[in-house]
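After this come two complexes, each holding subunit A, first together with subunit B and then together with subunit C.
Let's look at the complex of A and B:
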């Protein structure tokens, strides 16, 4: 049994079928990339896999448990965590508080012990602080722990989103365009980072991206989406040579240009 | 050895320092009152300032920290005021109970007032907190008006004429006790997983949801705690003034608290204290201007908002209303030896 089984996932907005018959079997420790032109429905797939949208039809099963119909926070509690394409940090909170907020569901203290700040509660807070720092450290954000998230430079904000998603202890991490707006060197750094956290945190990853030089070296498998449909699927090498993919990206006229 | 002692003394001093400050402040005020430098009228203004601090701080929890927009907060206050007054005036008649029983009855009244407000807070919270922003504001506004209209209809508690003869149990000690206690509890709450969940919802509700925070649960919790505090504040108000009527808890009162909150700085407990105290005292200070005082009061508010749009204290806290991350790593000053032993 796969870790995540997505079958015949479709969603319709009015007359528009934004995603049509999407299937995915994500194995443990696998990294699958979803690529496709703008407006192809990639983020819509993510929004369905995290409970923000309820699919019109189809099923999502995590380790055999059906998730369709649950609320987004329940998806997160069951082990699917994500980052956002347009960064959504808790901008008026400090960097470390951003991370701690993602651990709310693991909170062991009741309201009363938090109100009077018992010794045990302070101990839990200290453990949480240590855990948060241990996640910030490898993402080179540790020295910025007390800054406000909104004051971080763009690249740091992207890494903070990643750190926050890791704090939920996910089984599956969904990365929505993690290198959007980054320059080449930053893209390479992010690729190394993704490879590293995948190993260190024992994660399965689904990732959406436009930048082929980011996706190709790190993905085990690629699915290409266009107009809500899967048009190609396979290892990076196979997908790269698929004429349907080239057509979707470059338009049908490219053969004439070559000639 | 001496240096370590000095280091461990520091957090101890810091922890009880504010409490000592409050006690000194209380003694000074009481001495000034006895010397009649502070007359009864000034005292009354200070008591109202205390009640307003409670109201503003509780509103801050909902509006400033959880990012919801409640504009019917006086509704919770009136429920607390009536709840407490019914206990102390009708259930236990103040002149027929022994003096020793007065304080327990008073505290019971405040507790009941708080609970009534909190229960109603949950009831109104469950359906309405699915609404966002302006829409939630409309519902809370309507709620405040419904409470006022209903209280006018209930004849046993005086209807529109209100309740009179409420014992004035709420002296300076009790007001100050509840202000200090509430600020301490709210500070602890804000620097806890619960407070962080509230702030996460304020800063980005979609992200909070995606990070596993049950946003509805935490919003209702925030609403319920704020309603409880507002209820207690209402109870204190009733026992300062000895007289309450439904129309004193109308929209203008809710609007006052919004003004205190945003002028002081939303999202800062210090701001709530400063805003409520300054703006309670200001109209009294301006009394020599007679009818012009409300004009000047409004002009001052506009100036504050223009030049300090984040409020007077926007986003900052005084040290004892803040918990630094580094304090987590300080050794506790009670039972420290035992801890050290167990570590070895």
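Let's look at the complex of A and C:
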């Protein structure tokens, strides 16, 4: 059984079928990339995989449990976490508070023990701080823990989003355009980072991206979406040579020019 | 000097009513991001509810006073009831509008306020007439430097301060508080971090409603008359308190409540009709001079 099984996922907004018959079997420790032109429906797929949109039809099963119809927080509690294309941090909170807020669902201390600060509660809080720092460290944010999130430079904000998603203890991490707006060197750094956290945190990852030179070296498999439909899938090599993909990205006239 | 102190006591007494109400006002604004103009009506529901709940406890009263245990029960029931109604109002009226523009929620809140005032007014067993509030506390009077202060007043002032400290700690130090802060900053992102935003907002409204009930009981204990209209004026004043202190800020709400209460009593001492105007004068001045309020942070919009 795959970790995540998505079958025949479709969603319709009025007359527009934004995603049509999307299928995905994500195995444990796998990294699958979803690519496609703007407006192809990639983020819509993520919104369905995190409970923000309810699919019109189809099923989403995590380790055999159906998730369709649950609220976003229940998806997160079951181990699907995500980052956003446009950064959505808790901007008026410090870096460390940002990621500690992401861990509240795992916190077992009740109101009374927190208000009187019992010894176990203080111990839990210290463990939480340690865990937070152990995530900030490899993302080179540890020395910025007390800065406000909104005052961080762009690249740091992106990494903080990643840190926050990791803090929820996800089984599956969804990355929505993690290198949007980044320059080449930053893109390379982010690719190395994704590879590293995938190994260190034992994660299965689905990511959306435009940048081919970011996706190709790190993805195990690629799915190409256009107008809500899956037009191609396979290993990076296979997808890269698929004429349908080339057509979707570069337009139909491309081959004629080449010929 | 003695009369100055006496006015100060009255000011603190009124201020503690405003402060308790403003705490709920400011929490709802801070966390949900809406001005709940119906918040004053929660006070009315709490006070009027206490009147009816006390009637149920009539059999245990002796000469119109209740034993301590009964008073505790009455207050607790009133708090839970008002908190429950606040949660219900949010679930029915505000939740469906959560992702709509703020103005829509504000207009709905005005409508809810009108409904909460006029629905009990239309009920035959409640109606528009003022009723005498039962004596829950039999105050002892102390004289300090020529000014008299009652045990009820002392309890009210301490209660407001303790509640403020507890809420401040709740928001800053607990899991629920962390979730509240997350919801206040970005509801969607919070829910994707595993936070049940409906639950967090319901709890916020429950706390606001329960505090409004306490505030109503305090008010009616010193001005012992309850009626369906009592919430609107007190609601307005607590709104002014919250804005004065910096809306969304818990410490600011209490500070604003006490400042407004004291200002109103001193203004009334100078001229009895001027007292009612002073709240709005303060509101206008604060909006002109420091729109973010005393404790509020000025936010500069980046362009």
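Just so we're on the same page, the second predicted complex is superposed on the first by the 258 of 259 C-alpha atoms of A that agree within 3 Å, B and C clash if a C-alpha of one lies under 4 Å from a C-alpha of the other, contacts with A are read in each partner's own complex, and residues count from 1 in each chain.
What we mean here is this: contacts are C-beta pairs under 8 Å (C-beta built on N, C-alpha and C of every residue); 3 or more make two chains touch, one makes a residue touch a chain.
Please read all numbers here as calculations on a predicted model, not as lab measurements.
Using the overlay on subunit A, decide if subunit B and subunit C clash or can fit next to each other.
They clash: once the shared chain is superposed, the two partners overlap in space.
So in the superposed three-chain picture, is A:91 touching just subunit B, just subunit C, both, or none of them (first/second/both/neither)?
both
Applying the touch criterion given at the start, work out whether A:122 contacts subunit B, subunit C, both or neither, answering first, second, both or neither.
Touch status of A:122: first partner only.
Can A:157 be said to touch subunit B (first), subunit C (second), both, or neither?
neither
Check the residue A:230 against both partner chains and state whether it touches subunit B (first), subunit C (second), both, or neither.
After superposition on chain A, A:230 lies in contact with neither partner.
Check whether subunit B or subunit C contacts more residues of subunit A in the superposed model.
B
Of the partners subunit B and subunit C, which touch A:146 in the superposed model: first, second, both, neither?
It touches subunit B, and subunit C stays clear.
Name the contact category of A:204: first (subunit B only), second (subunit C only), both, or neither.
neither
Considering only touches as defined above, state whether A:71 meets subunit B (first), subunit C (second), both or neither.
both
Touching A:43, do we find subunit B (first), subunit C (second), both, or neither?
In the superposition, A:43 touches no partner, neither subunit B nor subunit C.
Across the two complexes, find the residues of subunit A that touch subunit B and also touch subunit C.
50, 52, 71-73, 75-77, 81-82, 84, 88-93, 97, 100-102, 104-105, 107, 109, 111, 114-115, 117, 164, 168
Can you check the complex and tell me which residues of subunit C touch subunit A?
My answer: residues 166, 169-170, 173-176, 178-179, 181-182, 185-186, 188-198.
Spell out the part of subunit A that touches subunit B in their complex, as residue ranges.
50, 52, 71-73, 75-77, 81-82, 84, 88-93, 96-97, 100-105, 107, 109, 111, 114-117, 119, 121-122, 125-126, 128-129, 145-146, 164-165, 167-168
For the complex, which residues does subunit A have touching subunit C?
Per the touch definition, subunit A meets subunit C at residues 50, 52, 71-73, 75-77, 81-82, 84, 88-93, 97, 100-102, 104-105, 107, 109, 111, 114-115, 117, 164, 168.
In the complex formed with subunit A, which residues of subunit B make contact?
185, 188-189, 192-197, 199-200, 202-204, 206-215, 221, 267, 315, 325, 328-329, 332
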